[in-house]
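Dropping a structure here in structure tokens format, bear with me for questions.
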Amino acid sequence: MIALLIRDMRLAMRAGGGFGLGLAFFLLVAVLVPLGVGPESATLAKIAPGILWVGALLACLLSLDRLFALDFEDGSLDLLVTAPIPLEGVVAIKALAHWAVTGLPLTLVAPVLGILLNLPDAGFYWLVVSLLLGTPALSMIGAFGAALTVGLKRGGLLLSLLVLPLYVPTLIFGAEVVKRGAEGMATSTPLALLAAITAGASALLPFAAAAAIRINLR
Amino acid sequence: MIPDLGKYADAVLGSYAASLGLITALVAWSLWRGARIRRTLAEVEARAAKAKEAKRNV
Amino acid sequence: MSLWEYANPQKFMQLSRRVLPFVAAASVLCLLGGLAWGFFGTPDDYKQGSTVKIIYLHVPAAMMAINAWVMMLAASLVWLIRRHHVSALAAKAAAPVGLTFTLIALATGALWGQPMWGTWWAWDPRLTSFLILALFYLGYMALWQAVDDPDTAADLTGVLCIVGSVFALLSRYAVNFWNQGLHQGASLSLDKEENVADVFWFPLLVCIAGFVLLFLTLVLLRTRTEIRSRRLNALLARERMG
Amino acid sequence: MDLHVTDLAVARGGLTVLEGVGFSLLPGRALVLRGPNGIGKTTLLRTIAGLQPAVAGSISAGAEAIAYAAHADGLKATLTVTENLAFWAAIYGTDQVGPALEQMNLVELRDRQAANLSAGQKRRLGLARLLVTGRPVWVLDEPTVSLDLASVALFGDVMRGHLARGGSALIATHIDLGLEADVLELGPYRAQIGAGNGGAFDAAFGEDFA
Amino acid sequence: MIALLIRDMRLAMRAGGGFGLGLAFFLLVAVLVPLGVGPESATLAKIAPGILWVGALLACLLSLDRLFALDFEDGSLDLLVTAPIPLEGVVAIKALAHWAVTGLPLTLVAPVLGILLNLPDAGFYWLVVSLLLGTPALSMIGAFGAALTVGLKRGGLLLSLLVLPLYVPTLIFGAEVVKRGAEGMATSTPLALLAAITAGASALLPFAAAAAIRINLR
Amino acid sequence: MDLHVTDLAVARGGLTVLEGVGFSLLPGRALVLRGPNGIGKTTLLRTIAGLQPAVAGSISAGAEAIAYAAHADGLKATLTVTENLAFWAAIYGTDQVGPALEQMNLVELRDRQAANLSAGQKRRLGLARLLVTGRPVWVLDEPTVSLDLASVALFGDVMRGHLARGGSALIATHIDLGLEADVLELGPYRAQIGAGNGGAFDAAFGEDFA
């Protein structure tokens, strides 16, 4: 299992592995939105939590279609399914690797983009905390979506359509944490709900995703 | 004939028009697709029966 | 004879052929009757004026939009557990109907909102969760579309329906939380007891019955089509092989 | 580890392609499956490997005894030969990368990225994976595609070693591997088109109900 | 040439062609942003022009990787290059087809999403006009990006990185038109610039894109 | 339309693979290229078709005279047989879909989506495309892959018809097509690794400048 984690992370780091592209996309969204919305800092400060969360979510989403598709295309997925490790474990590990090369870096650079978007000082801490708690759920839910669409030709956009509605609760609670944090209000309720979503998704979705992969392979 | 709807006539009539339009479209689409599939199935069914017949005669 | 017998496509085709005309006739009767009664036969509300007539479309459509999803969830579970083809196909058949009802609820709501709240759209929790419901319908239908093999498609959409239901509930809760105290006060939450008097209530009941029957009619009709389409594709595949 | 297949029917794309397939594979034996393109060899092997459910019949060996090698090799282009192999060794919990490299004549290429291998070398690496699984029953789908003669001979030696150690192998191939093996012609098992072909599907959708 | 246009549009409409997915993505962005940013209609009205333009741009972007990649994979691109029509024409036609199945529908549904985002009444007209003028540039610039990345495995995310910076001027002027229009100010300057970008891109980029394809194929 | 190739050198991935290739192809003649895997047949044909520049040497026929058929068929899975063919006919400004369908025995399949064709049928459709181009010089890369014997014979007839009409053909293949054709062995033209191999690259970076 650890071998799988190492392999997936190594593949992401190697040339063409796509590490960094998610980050770059996040950065681009954070730059484009002020360009579209206009430079008033009060407006930007107000929408910063939401935009940063939406950006993180889209960046996460766009790297998802590689999650199982590459393994499917070169035949590794067949071999992994017949290997002596449970497919649920494979899914969970792959989601974890995805998080480690996407969600975690996003969390770490988010404060920089917070500066770009005039996020109030009090919000930075909560931005990092909420992303740290929430992005694992994004990876796990995304893994489920990727499992549903594995094997479909160019499933990328369909994947977005399936996954984005599932992201709604995570997004709402995540952005809410930052918004409240930035305004100095209590954040414990949304934070707890965010944690609950992550925990629930990590506990249950691997089973659904593994089932979807088995269905898709047969 | 139409009751006096006052200043809200647009909203009320618009609602009825939109809803009935959507329902009509859905019903028409369902019927059309149903008829088309039914027709093609009959065709293919006939073709399959003929093929079976031909095989039996050989 | 067990109820599951009707999950056999042939039994289903026979039964539905006999039932369909009656259901269809009843739904036309109830819908036209209820809507005519509501439109022509009820007074204006003292507060909302004639817009109250929109209720005869809005509320039944909103109710059935949710119920259609619940029915799809049930049908998906039946398919995944008992592998009855008819239930998978019924779920597939119901999705566009549910989506249409969702769109009707949204459209009538928007048209109602313009005179009542002065805006077509507000991010009220109820409205927002309906928008999200529409997205779930879209994703579900897109997945059916995208997968070639019908059994695979049924399995995948079944799994999506179950997971989606959980997340739809979560979203509903999240949306409530999100907009709590930030926007829209009492004007939004029109309480039935408070606002809907008997004059409005009876035609509304007829309309609700009409929408339920319409849903049944369409689902039966479309399921029949789906069953035929399954057989059609099987025959074509066989032709290709032989 | 014995593999007994009884009265197996397998389906692809909703249509049964083979039915009534039965054979036994004992330790130390190899069985070659033969049949024209499209008869269902791949489908049969995938079913035996546990990747898809059988329409009917039974397979005695558990999927845990089987090492499956498909048309595709499952190699990662950006990993080196050793990294690719070590990954699968770790997954299967064995530690035989060195011997596997030697037996498939890959030692010189050990630090080359898989992307820079020729098609035949890639295939050799794919077959070396079998050696690190440590599993007794090999289920192989056209293992010698794109191998040249020398490599085919090399693979023959590896296979004989595996059989001598009490392993067994089920191989779908169009060419002669130079192995002493039983042959199963799949032609007679081709499923009849028409009645009953669709299995459960036909029971439900078979009759006319236009 | 017309045959190519018809073929591309037909392919987009057939099952799996992806028509409609861009629309769905646009809709999703328009829904997600308020969920992140919060429901206050004043804030939303302010950011609506920018968000709608960013959404249209992302939806356009995500359907780009199919533009040449599908033809490359099945070998049609080789055959088109050797066919008796200029490759510049092929690129321009394919960009046009992309616009017809993506940019045009986006323009048509944009007003509905404008309602969702509380766009001021005066802005609707300008939203449609600016998108109508600007989305052809998006398709054309995107075709250039797609030509640069054709043949790369899963070039999708890289494509985004290359193309998004090129989209910046279009985005700025496009959103500016809507913003000014919504506030009742004069829109002629940004509108003229937007038209100039579209005209320039359509006139020059086909050559650059054709060159990129030739380089990628050899 | 004559095709004269003189002293041609072609490169793949920055390395010259063939050099000094020369031949003439006259109307009514077919020339078969032979050589082991990886020697550079595909590279040579792509260069002649104008898809990539030559490292050295010249090709007399303009790319406008050439109809090229690659390993891949360029079919759209969701279009029907007729739609696929009509598209290429429109691109080449000809109108011969009907005869092409007949000659490649595709009439029965005309309304079938390309996705539902077997591999051999797909290949037949790919070859029918040549007929609607109306071009004199056919440049074909392994045209008979995955065709069965009957279809190979059919293709042979089509090819003879093309030659009889004054067309010519340059064919890379491993099998015998049953055509009367000249054969060019590519073995002797394999590029020497070392000095001068990189062409312009070597001229610039070739010397030691450590």
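In this document, chain identifiers A, B, C, D, E and F correspond to the written order of the chains, with residue numbering beginning at 1 in each.
As a working rule, a residue touches a chain if its C-beta (ideal position, glycine included) is under 8 Å from a C-beta of that chain, and two chains touch if they have at least 3 such contacts.
Treat the numbers as computed from the prediction; the structure is a model and nothing was measured.
Least step count on the touch graph, subunit B to subunit E: 2. Superposing the C-alpha atoms of subunit D onto subunit F requires a rotation of 180 degrees, rounded to the nearest 5. Just to note, of A-D and B-C, the chains joined by more C-beta pairs in contact are B-C. Chain centres here are Cα averages; for subunit C and subunit D they lie 48 Å apart.
Mean C-alpha positions place subunit C and subunit E at a centre distance of 34 Å.
The centroid of the Cα atoms in subunit E and the matching centroid in subunit F are 36 Å apart. Shared interface positions of subunit D, i.e. residues touching 2 or more other chains, are given as 194, 210. Residues of subunit E in contact with two or more other chains: 15-16, 21, 24, 28, 34-35, 38.
Of all residues in subunit B, those touching 2 or more other chains are 38, 41, 45, listed in ascending order.
Contact residues on subunit C toward subunit E in their complex (touch as defined above): 110, 119-124, 128, 131-132, 135, 138, 142, 145-146, 175, 178-179, 182-183.
Subunit A contributes residues 144, 148-149, 152, 155, 158, 161-162, 164-166, 168-169, 172-173, 176, 189-190, 193, 197, 205, 208, 211-212, 215-216, 218 to its touches with subunit C in the complex.
If you check the complex, the residues on subunit C that touch subunit B are 35, 39-40, 44, 49-51, 53-54, 57-58, 61, 96-97, 100, 103-104, 107-108, 111-112, 114-115, 214, 218, 221-222, 224-225, 228-229, 231-232, 235-236, 238-239, 242. Touching subunit A in their complex are the following residues of subunit D: 46, 49-53, 63-64, 66-68, 70-79, 83, 86-88, 90-93, 129.
Against subunit D, in their complex, subunit A makes its touches with residues 2-4, 7, 10-11, 14-17, 71, 73-76, 78-85, 217-218.
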